[in-house]
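After this come two complexes, each holding chain A, first together with chain B and then together with chain C.
Let's turn to the complex of A and B:
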């Protein structure tokens, strides 16, 4: 037997740290299908969940895996799955169902080279946009990134907390390097770990409306078996959860799903700033490329160049206010990512012509080196 | 302080475990920072296989190694792949029975696989090599390395693994001693 929170110092991979973060956050259900480079998350959960009284199920595929965690969530437990590109594509339909039914759950995507089955054993960061709008219809979602084993632990906890708070699926975007890399992970005492649980309804069961929002735009969520009459559907529904096929019902439901994220941007969006105060050139990055950027920034500073770095911990919603404010002071932005410019587009949109925007990016399979970034900095300086 | 170590060999030799022992000893027992990235893929069974461990007293940003401070080679293919990136400052360590050198740089050699065979357990060559690596370079402290070896192998095999580690460590001390003797006889100066 083991405790849910493995307090102490550990030398583990990012994938293992992610699983430990889930357990520390109170996750007791994992439904998944193994896929490189995310398999170790499922493997670790399969070992640990039975020991803390939780449930692990290997489903027949990723479509079913995603469905299983929605069911578990409505049964009242914190649930998650993990996958990589091909599985993430299969999960898209039910991620949309999670958004529409406002079902808290966590989906971890340890990215590898794509499209399609791509490069199974090699990293990439090409699923950033898919995380945002990979399912059909207009919606807002929360997606986070992690750039170390320690962050895989802490960001998984944050993912659960945001999922529960806002009744929404939260996606954690990692990459093969971070997933497979080993580092020291410090797990604090259980009492020091802040966890959030979904708002539960109180009072009259008769006439209860499971999709009637509370103060922050989020509706209290009953579990199956609590005694509330609930109807959960992917069809456009009213506050009772019943399908209503009207323009008005669609407008009301979609607007609320969008606004509960948009109106709480300040609470959701987290970034880390490095040497931004006097920076003339600002690097923007996340995941493994954040580490490349930090190394490049230090090398540039050592050469006397005023370079800063903005690390994105939250990918969606995008930190546009932060970038826009920086654009009034900096001369140029360089987005560093292992794709041909996905977050780069968001940086450009946010900068809105107030500074130059450049990309250091390439296709998947290998990381971007600090030398590549430094070279671009020198060209611009 | 930053030490960059690459250990390379072929899949099945326990190269990754050797790296994990060094990395974990540094991070957990020596209270330093350490990052480990490894080759990952179908080649990790029988083909060339490597692990890159960085040890530092401050946060490690970029975990990949351009030029290693220490290169440990347990296969010819691994040596051939990395020999061109090393410099005269790199400490080169080889399993002498498995590798034919063709670089001008000095190296520290141990017949780790043969010693393991003599101990009756060929699969211990990686642990002997870790002992030798620690003895030659002091990359992590002796106590930390031993603690990590004990924690990293199946419980029933702790004693034999520690024996293997000590075999490599003592071989390193003997190697260093004969290096010193050679230096004295070459120069006449006691260093």
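Let's turn to the complex of A and C:
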């Protein structure tokens, strides 16, 4: 029998590291559907989960996969799915159900070129806004990015911890290059890995309100079979979970699930800063393009140009306070991403005219090279 | 005397009240609608089957029938349109101790959710699926569905339905369900007995229940509730164990009711444990 947490140094792909991160976080249910370039996550989970007493199921499509992980979450376990563009589109309605019913779960999107079937085997970062707004209605979502196999491991754990802490779906946005690339991954001992589990209710079961927020604005979450007689619905509901079709109930519920994320931005948003103190030009990037950006920054610095780099580990909610503060010091921002400007729009919004905003991006299928970024830096410098 | 009667009446508690969220009554169902009768048959069967109710949950999709989960005073889930079965699959596989009941409409389970139904039955996930078949989309105001009889009028087939409906028991049998039955809401005792049986059996159990939707199907097809119930009495034949291919929905020929499939294929969890888990 394998231990839930593999420890030590391993040379594995980003997808495998993601699966190992999920196991280390305590995930015991995976519902999935094969799709390049995310399939290896499902394959790895199908091998490991039965060995640790968990369950893997390949569902009939991504709609079912997403529904199954919500059911599993309400049965009390940590659950996840993984997919890419076309499957991510199919999951959207039930991601909304997860938001509305405050169901913790993790959805990994290993991005490929789109729209439609696009470039199945080639990377892109075109689903950033879909992750933010892909399900209908107004809501907040947590989405993370990973720029190495090591981060696929650690960010998957973070995704589970945030999902459990805030009772919300968390999306991990990877890309084909990170998913398929093999790299050294160092996995610590299980005792060194911090894991979080959802708050559980205590005390009186009769009359318990499963949507009445406790600390942090998050309500303790019972599981099916615990005796709380909960009702869970995707209709607008009150704190008992009962449907209430009024303007007031809508305002109350939506405001609460939006605020539960917004009020905890400081806890959720993580970035890494590289040479920002004296930077005149700041690169903003994430995922595989973060590596491009770091290399470009180092090359620019070697040429004596004051360039810094802000790496986004959390995509949503967007690190707007951080970018806004930097905009008072820097002259220009360059967002580096494999699309025609998605996070770029967020940077522009946050900078609010205080600095120039530029984009180095393309439609997908390959990475952006450091030279392409350096060229733009030189033009601006 | 009159005062006495009044006093004792106020203390009368319906024997199913403890299974109902009475604070959510009145329910949304129209006068003459058949869903409530099927729901109460289900509640009775839950009691008579003696399953552990604390470990029992109901999952519904979307529709008038899908509102049932919201009235049950047990763990209950009102999910998305068509997705009750995959949600229920996750619940059951993640906690095999749970008794899982899916209660939903024909459009939900067989039009938008048809793919999930056949795969749930194929895997033989241990759950009881009760489909209230009113031949139409009730909640959205009476559009054609995958179960609407040929020539029936709906708001989207104003001159009559050109397409053939599914034979649901045949589909369930062919997909692998362990237990398959069909009743109408008029056959309440037999229906309750079959639900009771389904709840205590292993594997995927499916019960189709015909029930009137006077508001939409009835009005469009000039058939009031009482006339629908007469059809249920006069145009049905009880024949257990008939070949499922004979179960077409044809009121001219007569609709066959009964218990059609009762077999012991291993369940999804049994297969997984046996095949995928290293002892």
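As a convention for this text, the second predicted complex is superposed on the first by the 381 of 381 C-alpha atoms of A that agree within 3 Å, B and C clash if a C-alpha of one lies under 4 Å from a C-alpha of the other, contacts with A are read in each partner's own complex, and residues count from 1 in each chain.
Basically, a contact is a pair of C-beta atoms (placed from the backbone, for glycine too) under 8 Å apart; a residue touches a chain by one contact, two chains touch by 3 or more.
Owing to the predicted nature of the structure, the values given are computational and were not obtained by experimental measurement.
J.: More chain A residues touched by chain B or by chain C?
T.: C
J.: Under the stated touch criterion, which partner chain does A:71 make contact with: chain B (first), chain C (second), both, or neither?
T.: Touch status of A:71: second partner only.
J.: Please work out whether A:31 is in contact with chain B alone, chain C alone, both, or neither, and reply first, second, both or neither.
T.: After superposition on chain A, A:31 lies in contact with chain C alone.
J.: Once the shared chain is lined up, is A:57 touching chain B (first), chain C (second), both, or neither of them?
T.: second
J.: Would you sort A:129 into first (chain B), second (chain C), both or neither based on which partner it touches?
T.: Neither partner.
J.: Can A:230 be said to touch chain B (first), chain C (second), both, or neither?
T.: second
J.: Scan A:93 for contacts with chain B and chain C and give back first, second, both or neither.
T.: Touch partner of A:93: chain C, not chain B.
J.: Return first, second, both or neither, reflecting whether A:295 touches chain B, chain C, both chains, or no partner chain.
T.: In the superposed model, A:295 contacts chain B only, not chain C.
J.: Quick check on the superposed pair: does A:181 touch chain B, chain C, both, or neither? Answer first, second, both or neither.
T.: In the superposed model, A:181 contacts chain B only, not chain C.
J.: Which positions of chain A sit in both the chain B and the chain C interface?
T.: none
J.: Which residues of chain A touch chain B in their complex?
T.: For chain A paired with chain B, touching residues are 9-11, 37, 121-122, 176-177, 180-184, 291-292, 294-295, 298, 367, 369-370.
J.: Can you check the complex and tell me which residues of chain B touch chain A?
T.: Residues 20, 23-24, 27-28, 33-38, 40-42, 61-64.
J.: Which of the residues in chain A end up touching chain C in this complex?
T.: 1, 28-29, 31, 50-51, 55-57, 59-61, 63-65, 67-77, 79, 93-94, 97, 223-225, 227-235, 242-243
J.: Mind listing the chain C positions that touch chain A in their complex?
T.: It is residues 21, 23-24, 54-55, 57, 59, 69-70, 72-80, 82-83, 85-95, 97-98, 115-116, 119, 272, 276-278 of chain C that touch chain A.
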